[in-house]
Structure formats: structure tokens, C-alpha cells
Amino acid sequence: MMFDDFQFSSILVSTIRNAPVLIFAAMAGLFAERSGVVDLALEGKMLAAAFVSAAVAFVTKNPWLGIMAGVGISATIALLQGFVSITQKGNQLVAGIALNIALSGLTFVVAQYFFQQGGRTPDLGEARLFDIVLPGSAAIASIPFIGWVYTRLIGGHSALVYLAFALIPVVHWVLYHTRFGLRLRAVGENPHAADAAGINVERTRFMAMLCAGVLCSFSGAYLSIVQSGFFLRDMSAGNGYLALTALVFGNWRPLHTALGCLMFGFFAALQVQIEGVVFPGIGKVPGSLIQMIPYVVTVIVLAGLMAKSVAPKAIGQPFVKSR
Amino acid sequence: ADLKFAVIYDAGGKFDKSFNQSASEGAERFKKETKLNYIEVQVASDTQTEQVLRNLARKKVDLIAAIGFAQAQAVQNIAKEFPATKFVLIDGIATGDNVSSVLFKEQEGSYLVGVAAAIASKSKKVGFVGGMDIPLIRNFACGYAQGAKATEPKIDVVQNMVGTTTAAWNDPAKGGELARAQFERGVDVIFAAAGGSGMGTLQAVKEKGKLGIGVDSNQNYMHPGSMLTSMVKRVDQAIYDSFMQLKNGNWKGGTQYKGLKEGGVDWALDKDNRAVVSADMEKRVNAAKQDIISGKVKVVDFREGNKCPV
Amino acid sequence: MQPAVEFQQISKRFGAVQANRDVSFSIAPGSIHGVIGENGAGKSTLMSILYGYYRADSGKLLINGAEQHIRNSQEAINLGIGMVHQHFMLVENMTVLDNVMLGTEGGFRLKPKRHEVEAKLREICQRYSLEVDPLATIQDLSVGVQQRVEILKQIYRSANILILDEPTAVLTVQETASLFEVLRLFKEQGKTIILITHKLQEIQEITDQVTVMRGGTVIGSVATKDTTTAQMAEMMVGRPIVTHLPRAAYAPGEMVLEVKDLNLINSQKVSLLKNVSFNIRAGEIVAIAGVSGNGQSELLEILSGMRLPTSGKLQMQGKDLPFAGRKDADGLPASFRDLGIAHVPEDRLRDAVVKNFSVMMNSFLGYQKKLGKSFGLLDYKSILKNCTDLLAKFDVRPADPHLRIALLSGGNQQKVVMAREIAANPKLMLVGQPTRGVDIGTIESLHTRLLAMRDAGIAILLVSVELEEVRALADRILVISGGAITGELKAEEFDATEIGCLMGGIHTH
Amino acid sequence: MNQADLPRWATAFALPLLNLFSALLVAAGVIYLLGESPIESLSILINAAVLNPEGLGYTLFYAATFIFTGLSVSVAMQAGLFNIGSEGQMYVGGLGLTLVLLWLDSSLPGWLLIPLAMLGAAVFGAAWAYLPGYLQAKRGSHVVVTTIMFNFIAASLMNYVIVSFLIPAGQQNTASRVFADASWLPKLNGILPVLGETPLNISFVLALVALVIYGLVVWRTTWGYQLRATGLNQHAAHYAGISISKTIIVTMMISGALAGLAAVNSVMGSTHYLNLNFPAGAGFIGIAIALMGRQHPVGILLSSILFGALIQGGFDLSLEKANIPPETFIFIQGLIILFCGAMENLYAPALSALLKRKEK
């Protein structure tokens, strides 16, 4: 394979497909962390939602019911996380990691118990969420560039992809232009000030956790009922941590964070494309080294372009009314 | 007393839809036919393997099947410690009179599905999705590429690996994504040798109306109509044979290499892919099979020189 | 008339500490009521109970004659109570506007109300002559302006009962004056104001009535016009306070610190220090007076090694201070300490103590290297002994070396820091705002210590925004404004008006 | 809700035990739902992990690795750094000792070879932690993020190195060749034959020594004091003349070295070759151990043993009870971390009320 085999169009489309998992999770994390709760449990919530979505979709033969069930379970876990981190004032990092470990085990055990397929759900078949074909695609498809843009780049994705991208401006709007957003930011930055202003800090944080739970569930549903068509143990494959990285990268701001997610999506797509490509002068780079690209780029970007990111000030600290 | 048997699966687990599962099917068939039970264990690390092997040997299990190359060293150690216990090791080599090592010539089976893929591909671009980047998987890829190129010299073989850690076997989302990315580059037939991740690949294949090739066990049933074929690796047969031999008293140690000739690997043709395989294709694939068996065609084993001729 | 606020037998306990014990007194509507008392007397606790932050263990609270159970700040706000806290309750990365709106946003969308509030804020600013840009971000504002924002918040919410907990601790004389203007306006409008402060002249200047607390109880409540600062001080502390401390004659010794043409330009290219030159001799106290934010903090940071200057020549006893060729100040304060420079920083909680360490562990912060024995092992036995001695000598209360230092009051923390730095036996002592937020009893003892050091021949650089403190301690006064020294006076030339002009950047000579 | 008004024995022992008990209660519920008897399961588990000497040997063998990774995470935490990269540092540390052994194992005697190999592990682990430390200190890049990235990078790099260079010709296993006997760590069953055939080796003793050294250094030395001051208040540390960037970089390197040493136990003590993915999550378990053990040597020791027991006992239990897959114990580990590590105050109010009532 030669260097010119490399297709930019394919990378773009692939980027769009890769990003939603991260966008949902990162936006979930954004709500939690802007309210002052570190959300290390994205991975766990994602897994639980992926499993429950797939299982319910399989049993009911309806992907939408699956997604709703996923929302339910992920929100429940988020509230449990809230109970530990907010009410019990426990260590938020521990709570997150504990939930990730527990859910990694539990999803397997439950899946195995019900389906007896080694922690897998059966294939969803028709209960998957299929790609949306935009109206008039057939007619436009043959026009050279526009056809590709309309049918492949913009069209031809599942409903969740559109939801993910629609979410970005919505989260931005909620965060900066609504009462809830204002309180959320205040509570994450200086809960004492918020409290003095008459705001119920714990309730606001719980609301934020609820948002995080709901958003994170889409990430899981996307994995299982859009991308794969079944649930498999540990299928979140580190995406929750990657989403957190995007959040740090984006300085806890929605638009920048989404950009971070797209960047990861892009480099993952790029990596797929350049695997096996013969570079002029260098030759063929081993696949295992190419696998590093997204991570090396992240480190370089963090170190070089965007040194010092500023976290919400009260992040990780339970709200206690004294010193 | 009854003979005692055991199967130890590696980290992939009994339900990996791949070679562990195949092993369990072989043991299951043996159990059905002989009513002799067997113990099943799954290990998570090499340390555990040794622990389990020793425990089973102490419990006077007569024949222990160890699935996967990762168990080779542990089998070697324990076989020495317990000369009276017999072992059958899949995909790896351990020495000793009480060890039977079974290796498969995956490259030969892969060659056949490569031939089929090259014939089936309209775009003359075929794809390969591997799980973890290890020599075993590269051997699949290499045999596949040899078959495809032998059939269609100008063909493009696009290869991707899911990852570099064991998580690579459990990432169907990435498996599916790799397939989609390959389709966008014009690929229309994909051979998935990626465990659980491969399930995602084959799903994507079905969804996009392309053709997929399964691996290890016959996976044609998963998506009838969009499965071109499967490269079967008869781990089940190896386990079944070994158990039977012990029962019949003709068990022997030593190393066996199982290729097409020995029936260790093959391509799958059944009702689920009958409609997809044309008569011409069937003829040409079977011809290639005969050529390999007869020695007329030699398929290179990637692992011998750590490189692929094509 | 009904009292605006009446406390009846209020008690509150934190673990072993009885913060308030049977506190009863009342506050007349439309009056300014002062509350004074030593650090830890229970003033803030009482006010926090009124504002719904804590709940009293027992006792009754009457607002305008009706008993109220205030469970949280929202309920206090609903009753028309507003509070300006000792530590500002502002969200630093948000605008003034958003801070004011917080908690009173109106509908779900912010936009409609934002315009309304902005207009109203501008109107309020005008009416009370408070200069604040509603769209500025809090962290860009000086403390004085942040204080104004707190007041603004309360005006906007039209609080009728306004609690101010040490509002002037960080304000300049001018800022305090303008705050008091606003308070008088409030009073004219019939609002009730509760003012906590450690500065008795302020009580004298503005309050109608004053309540004195000690050890969680009320000592007495008197009409301000019937009392003097000396009487109040005595009520607070339980003994007479000496305001003019004795000191030896001014006899400066050898040159200790020489600063020549010191310049500092920050990363935003703003010049923070401009050609600053001065020197300090052994046995003298040189005070840097100025409105805070005029470069004195940076000057202290440079002299203590916490920050690098852009240019300038700094010599300690004739030897250059060792920062030539350095890229950053990381670790530099250690070498400065080795040269005999001790430092009591302005922001003690941020810089001078580790809150989660015990008092003992804080008692050698900065001098840890000297304590290492073989293998760098710390000698806890002698550390404990030294610490116990220091606590006794400086009358730190409670004198428990194992207490987490965060649990000491600010004044007592300051004593620990001061004790530590003095014990290091320095040649030069840098002291920033040593008595900020500290009660007068403690001020007296801290000042006594500083003068004793001076008399013992130590060079002292004092940075203070309190002119009273400068007058009480300094042998020479340098006035700083806009990063430049605008004037120098001898102690006997002390003239508040002239210093005020110099601080404003106006040269009189 | 305040732990402060509880006596020390209550916060140090009663509360953790109550929490552990609660976690086990939830776990028992799950086991019951899976159709097995919780009590019987527990007794099998305890028997297999603690009472049976050979089982205990395995428990301590796993614990030895966890002590090192737990220490690695703890020491970084003391400086306020959340090192998620112990997994990768351990992995690369394994490469360090392997290179030493592949090079020298035929020529050097054990007493020289083993320390050299350990040095190799420590140096490689430290080197892998250096860059995240440097970037945090000098560029302010979040160490959490960089170490996660370095884990991924280590996985790819190690795959490349092992697959391309270390697999001996003609071998299938993705592992280096087996090291010469001289490098095999002495097993403790030499001294304590009752332990039977377990891989428990001197690295457990080394782990105990490391715990003591850690405790001494962090709480008794100037350097430890500076470390903790930096972790608790960087402004004050700067004021105190502590070089923040030096402390961060050195701490990260020590953390990495400890993670690297974690590789010694399994590679030189059990498998005797370097294989793909050998850390198997031990680095991540180290995070749980550091958090649960509150970065205190005794806490780290106890939680390491608890986790070792869960792995050993859980594995045996899953062999006996077909309905309980080994993954159940991953779930239980999570529960224990949740209850003991994050909900330490769950029973504090009740306990303090109980104690108060008694007083009266």
C-alpha cells in the first residue's frame, strides 16, 4: 500500500463516528465536574448503560426502550455516586474508581447469569439502532463532492450521532445562559459563596450528577446498540478516561471539550488509516507503534499548546460548612 | 475409577466465540458421547495457570487440556513435576513424554479464505481485522494476503489491528469502526480474526451489506447471507481426539502440526453461506486446497521469519 | 419600638468548644450596632447563626419581634437579612453581575434578568457612589472593590438587616471611609447594621451601640457615646491595653539590606516595581506604607526569594543576594533564609502555614533542613520541646502543639508564625501585615515582640496598610505608590495627611 | 458526621470493620441471587485464601506485588500527585529487569544478578515516570492525564518490543525466553515448608522492608516533611524554600521506581519470563490500595493482603462453585473499595450516638 492510498474523506467520516462516545461521556463529566464532583466513574456508568441498553433492547426488540433503560441505570448509579461523594462526603476519586471496578465485574456477572454467553448479550439483530438515510440521498449521492458530504459526512449516521453533536451547543447554553448553569458553576467554584447566596449546594450537585448520569448513558448505548450490536464485557475500553482527558484538555468548557473529543476521534481515525502505509523515506511503521499516535499527540498538546488548564476550584472537595 | 479430564481456558474465556469456545465444544462432544465428565477452569494470569495445573494434577486428573500459547511454560513446568499426568497443549510447544503439543497451520486455512475473498471482492480490495497485534494473528493476516494475492495479484489487502493489549479482544466498537473505515477505502470483504472485537466487525459488515469471514469456529450462522465463509481451526477436533485417545488407550505425546492435510484447518461451507459462494469460487478454493495438500503450493508461516512474503 | 434583632440565651457548641454561651442582647432598628471581642470570642459564630449558616443548640432568635427558626441562608435572606462575610463570598471567575444575580436569577433563562440587573446595578453604583464595573470578573478586582461588590449584593437584595464581619480588615483608610459613607446612607434609610471589627476607632466613629464579647459570652452592651476606646479595650481583654509601647532610642547599626534600582515587570508587561532603592540598618524598623496593590507584596516576595526581580542590585550585608542566572524562584527562599532573612508573609494561611499540619509541624516550616540529623531523620523530641517553649513564650492559645493549626484563630496562627521566624534568629526580618484581622490584645503582644527584636539589633522591614501600626512601630517610613517609592519620612515627621497624599502618588515636597 | 469526636480505636478499627462487613453483606446478597449459599461461599473463600497454608502463600504472593504498586501510588499522593500510571511504569519496569537478565543471566551469580535486575526494574520504572513528572513540574500538564496516556503508550511500546525483539525464534508465546535459574528469586517455602508449592518469594520480605522505609522517610525525615508540605500546600512549600519542581519530579521517579519494582515479584519470582500484559491491572489495584490504606504503611499492608486474599480465594471459590464466575470478585473488590475507601463516615454518626448514650 502506498502513501497516496490515504483517504482524507474516510478519516473525516470516521472521526464523526468515533466522537460521540467521547462527546456524551465528556459532557457528562463536564456537568459533574463543573459542579465540583470529580467523575472518575464515567467508565462504569458507560458500561452499565451499555449492558442494560443492550439487554433491554434485545428482550423488547426495541432500541429506544433499551436506551431509556440505560438512562435509568446510569442515572441511578450517578445518584449513588452522588450519595457517596456529596451526602457522605467521601473521597470522590475512590468512589469513582470503586464504581468502575464494581460495575466491570457486575455487568459481566449479570450478563452471564441471564444470557450464559460469557458476559455477552446476544446479537441485537433488528433491535439495533440503524443509520439514518437523509431524504433525497439516492438522488444526490452521485454528485461528486456534494453527494459525499450529504450522504456520508452529514447523513448516514445513527440518531445518537446527531444527538451528540446537537448536545454541544445545548450544554454550552445550559452552562452559561441558564439559572441552573450559573448555580452549577458557582457551586463548583466556590460552594461557600453559593451557600451564602441561598443556594442549596448539595441539591445543585445532585442535579448535576443526574445530568451526568443521563448523558453518560447515551455513550454506553452508542457503544452497544449502535457501534457493536451487542454488549461485551469491558467494552468501554478506556473511553471514559479518554473523555476525562478531553475535559481537561478543553479546560472544562463545552466547546473546547467537544473539540478535544473530535481531536481524539480524528487521531483514532488517522491511526486506522496509516496502519500499514509505507511512508516515503521511513517505510512501514509497525502497527503497535502507530497505535500510540492519539496518546502521544495528547501529551504533546497538553505539554506544549495548552499548559496549565484551570480546573473548577472546588473540584474533589466535599462541601463542609467549616474549615 | 473413571478417567478424569480437565480443560483450562486462557484469559479469553470459554465464550470467546473463538478457539477457547472451540475447545469447549470438543470437550462437550466427548462428554456427550462417552458420558465422561470434565472440569473447566479459566485463568487470568500465568501464575494462576501454574497453580491450577498443579492442583488438578494433585487431584489425579488424567488428562489436562491447556488452551492457548500463554500456558506453554506452565505446562512445561508442571509436566515435569507430575510425569504421571498427561497434558494436551493447544497453540504452544512444551516438551515431555506426557505432553502432546498441537499447533495449527493457520496460514493454510487463511490462504483459502484469502482466495475466496479475492474472488468475491468486486472492488479488488479486501480487508483484515486482527485483535491484538501478536505473531499468531499476523500469521492469519499473512496467509490471507498470500491467498488473495495468488488469486488476484493486483489486489489490495488492507490490514488493521484493534489494539496492543488484551482489551483488544473485547472492543467490538473499535472492531466495527475498523470495518467501516475499511469500507470507506473501498474494501468489500473482511476477514475478522479478533475474538469479541471481531463480532463488531462482522456486525458492521452485515449492516453495510458487505461480506465477512469468520474465524476459528464456523461463524457462518451468525449473519447468514453476509458471511462469505469462516476459517475454521479445529481445536474442538484436537481436544476430542486427544480425550478419545486416552480413553481408548492410544494416547501419545509429541508435537503435531495440523494443517489442511491433517484436517486441522479448513474453510467452512454450509447452508448459511451456500448462497454467497458461487460454483466457480467453490471450485477454485477447493483447487487451492488440493494444491496445498499436495505440496504444490507452499504457504509461508509468518512466525518462521517474522515476515510476510507479500 | 421592637428590636430589629434580639438574641435570647443563644448557645452553640463545636465539639469541646463552647463558641457561644447564653448570648442575649438586642439591636435597635435603624441603628449601627458594633460587636467586638478577642479572636475566638464567638462573634462570627453568633452572626452565622443569625444568617442561618449554623443552627444554635439552644436559645431564641427574634427578628422584628417575632421568633424565627432560620434553617439556612435562603431563609435568612427571605427575612431581609444580608451578610458580608469575613472571607468574601464571591465566585472569583464570574462577573460582578453574575455574582449579584446568583440566588436571585428570576426565571430559568438568565438573559432577560441580566439586562435588568445590570441596569439596576449601574443605578445603585451611581446612587451610593460605588465604583464597580458590573461586567468585570471578580478575580481581576482589588480587595477593596471586591468588598464593594459584597455591599452591592446586599443593596441589590435590599437587605434590611446587614451583618458585616470584619469588613475593614483589608481596606485602606479611603476605602473604609467610603464604606462608612454607604453605611450612614443605609442608616438614614432605616436599615439596621451589625458591624464586627477589631478596630476600636471605627466603633467609635460609626456605631450607636456596642456589644462586647469574651469567651463566648456577652460582657456588656453600651451606647458608644458613653464609652472610650480604652474602656472598650479593657472590657474585651479584661485588662488595660498599652497603646504606646516603650522602645529604646533610635541607634541604627551596620548596613544590612541594600536595594538599588529594583524593577519588576510581570508577564503581562506591566511594571510593578519601578527603580525602588532603599536600605535598612541593624536595629531599625523601616515601614513601607501604601495602599495595598501598589507593589509592596511583590517587594516582600522578591526580598524573601519567592519571586525573581526583573533587574536591580540587592545586597545583604554587602553580599549579592543569590538569584543571578536563575530562571525561576523555585527553591530560592531556602538560600535567602540561609543568609539570615526571615519572613512573615502577608497571606499567612496561603503561604506561611500548612493547614493540615499540626502546630508543631508548622513550627519549623522553612527550617526543616536544619533539623535533619543522620539520614535526614527529624528529631521530634527536640522539635516538640522547642515548639512547646515557643507556644508558652508567645502565649499561643490553646498551647497544644498537636492541634491542627487550622483550628487556631487567625491571631494565634500569626503568633505561631511570628514565633517561628523570630526563633530563627534572623539578621533581617520581613513582616507583611502582621496584625491583619487580629484583636487588640494580640496586636499589643505582636508589636511588643517586633520592638524587642529591633532593640536587639535586628533589621526589620514592615509592610503595612495600617497607618496606626506604621506610626507605632516605624523608625523610618517609605511610602510606595504605583510601584515606586514616592517619599520617605522619619518617625518624628509622621503626618497622616502627608502620607495619605504620598500614597495617592502626590508629591508634597 | 464528624469523625473527630470518635475515639481512635473507633475510627481506626471499628469503622473500617463495619464498612468491610457491609460490603461483604452486599456481596453475600449477590451470591445468594446467583443461587449459591453466601455462608458456604465465604467459608470456602477464607479457607482457600487464609487458612490453607498454600492458599495463604498465594495470597501473600499477590499482596507483595500490590504493596509495591500501592506504595508507588501512595508516595505520589503524599506530594499531591495522582499517579494513575503505575500500571505502565510496572510494565516498563519489567522490561528493565528483563534486559538486564537477558544480557547477564548466563554470566553472573544470583547474588549479583538479582540486585542488578531489580535496579534495572527500578530505573526503567523511574524513567517512565520522569516525563509525566517533568511535564507536571515544568509545564503544568496534569499528571493524571499524562500518566493515563503513558499507560497506553507503554502498552503499545511493550507490545512492539516483546513481539519484535524478545520472542525467541520458533516460539508461539508472546514472551521473552525463560531466564536462567540464577535469577530466580529464592522462595519462602525453603524456610517455611508448610507453605507448599507457592511462588511466594523474598520479594514479599522486600515489600515489608519497603513499607518500613516508606513510613520512615515520609514521616520521619526532612525530605518526607518537604514532600508532604508540597502535597498539602504548594504556596507554603515554596515559601519554605522547597523546590516544588524538584520535589515533583523526584517523587514521580520514586513512584515509578516502586512501580517498576512491583514487576520483580511476578516476573522473577513466578513466571521467570517477561510476557505481554503481565501487570494484569496490578497498577490500578495499587490506586485502590493506596486510597483504602490511606497512604499509611499499615493500611497499605492490610489492604494489599485483603486484595491478595480476594484474588486467591475468589479464584478457588469460582472453581468450586460453577455459578460464581471469577468476575464476581472484581465486583466485590469494587464494593470493598467503595465502602471502606469512600464511605468511611457511613456509620460514624450511629457509632458516636451509641457511644454517647453509653457515657450517660
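Order of writing sets the chain letters: A, B, C and D. Residues in each chain are counted from 1.
Following the convention adopted for this analysis, a residue touches a chain if its C-beta (ideal position, glycine included) is under 8 Å from a C-beta of that chain, and two chains touch if they have at least 3 such contacts.
Note that the coordinates shown come from a computational prediction; the quantities given were computed from them, not determined experimentally.
A.B. asks: Report the chain whose CA-based centre is farthest from the CA-based centre of chain A.
C.D. replies: Max centre-to-centre separation from chain A belongs to C.
A.B. asks: Using mean CA coordinates as chain centres, what's the gap between chain C and chain D in Å?
C.D. replies: It comes to 46 Å between the two C-alpha centres.
A.B. asks: Starting from the mean Cα coordinates of chain B and chain D, work out the distance between those two points in Å.
C.D. replies: Chain centres of chain B and chain D, defined by C-alpha means, are spaced 35 Å apart.
A.B. asks: Measure off the straight-line distance from the CA centroid of chain B to the CA centroid of chain C, and report it in whole Å.
C.D. replies: Result: the chain centres lie 75 Å from each other.
A.B. asks: Using mean CA coordinates as chain centres, what's the gap between chain A and chain D in Å?
C.D. replies: 29
A.B. asks: I need the residues of chain D touching at least two other chains; which ones are they?
C.D. replies: Correct list: 156, 159-160, 163-164.
A.B. asks: Identify all positions of chain C at which a residue touches two or more other chains, and write them in rising order.
C.D. replies: Counting only residues that touch two or more other chains, chain C contributes 355.
A.B. asks: Hunt down the residues of chain A that sit against at least two other chains at once, touch-wise.
C.D. replies: 119, 233, 238, 288, 291, in rising order.
A.B. asks: Kindly provide every pair of chains that touch.
C.D. replies: Pairs satisfying the touch definition: A-B, A-C, A-D, B-D, C-D.
A.B. asks: In their shared complex, at which residues does chain A touch chain B?
C.D. replies: Listed in rising order, the residues of chain A that touch chain B are 1, 5, 7, 9-10, 13-14, 17-18, 21, 117-120, 123, 128, 130-131, 152, 223, 227-230, 232-235, 237-238, 268-269, 272-273, 275-276, 287-288, 291.
A.B. asks: Can you list the chain A residues touching chain D in their complex?
C.D. replies: 84-85, 88-95, 97-106, 108-109, 112-113, 119, 233, 238, 241, 244-245, 248-249, 286, 288-289, 291-292, 294-296, 298-299, 302-304, 307-309
A.B. asks: Could you please specify the touching residues of chain C with respect to chain A in the complex?
C.D. replies: Listed in rising order, the residues are 14, 51, 53-54, 72-74, 76-77, 83, 85, 87-94, 98-99, 101-103, 105-111, 153, 355, 406-407.
A.B. asks: If we count contacts the way the header does, which residues on chain A are in touch with chain C in the complex?
C.D. replies: Touch residues, chain A against chain C: 177-183, 185-186, 189-190, 192-200, 313, 321-323.
A.B. asks: In the complex, go through chain B and note every residue touching chain D.
C.D. replies: 41-42, 44-48, 50-52, 54, 69-70, 72-73, 91-93, 103, 132-136, 163-166, 303-304, 306
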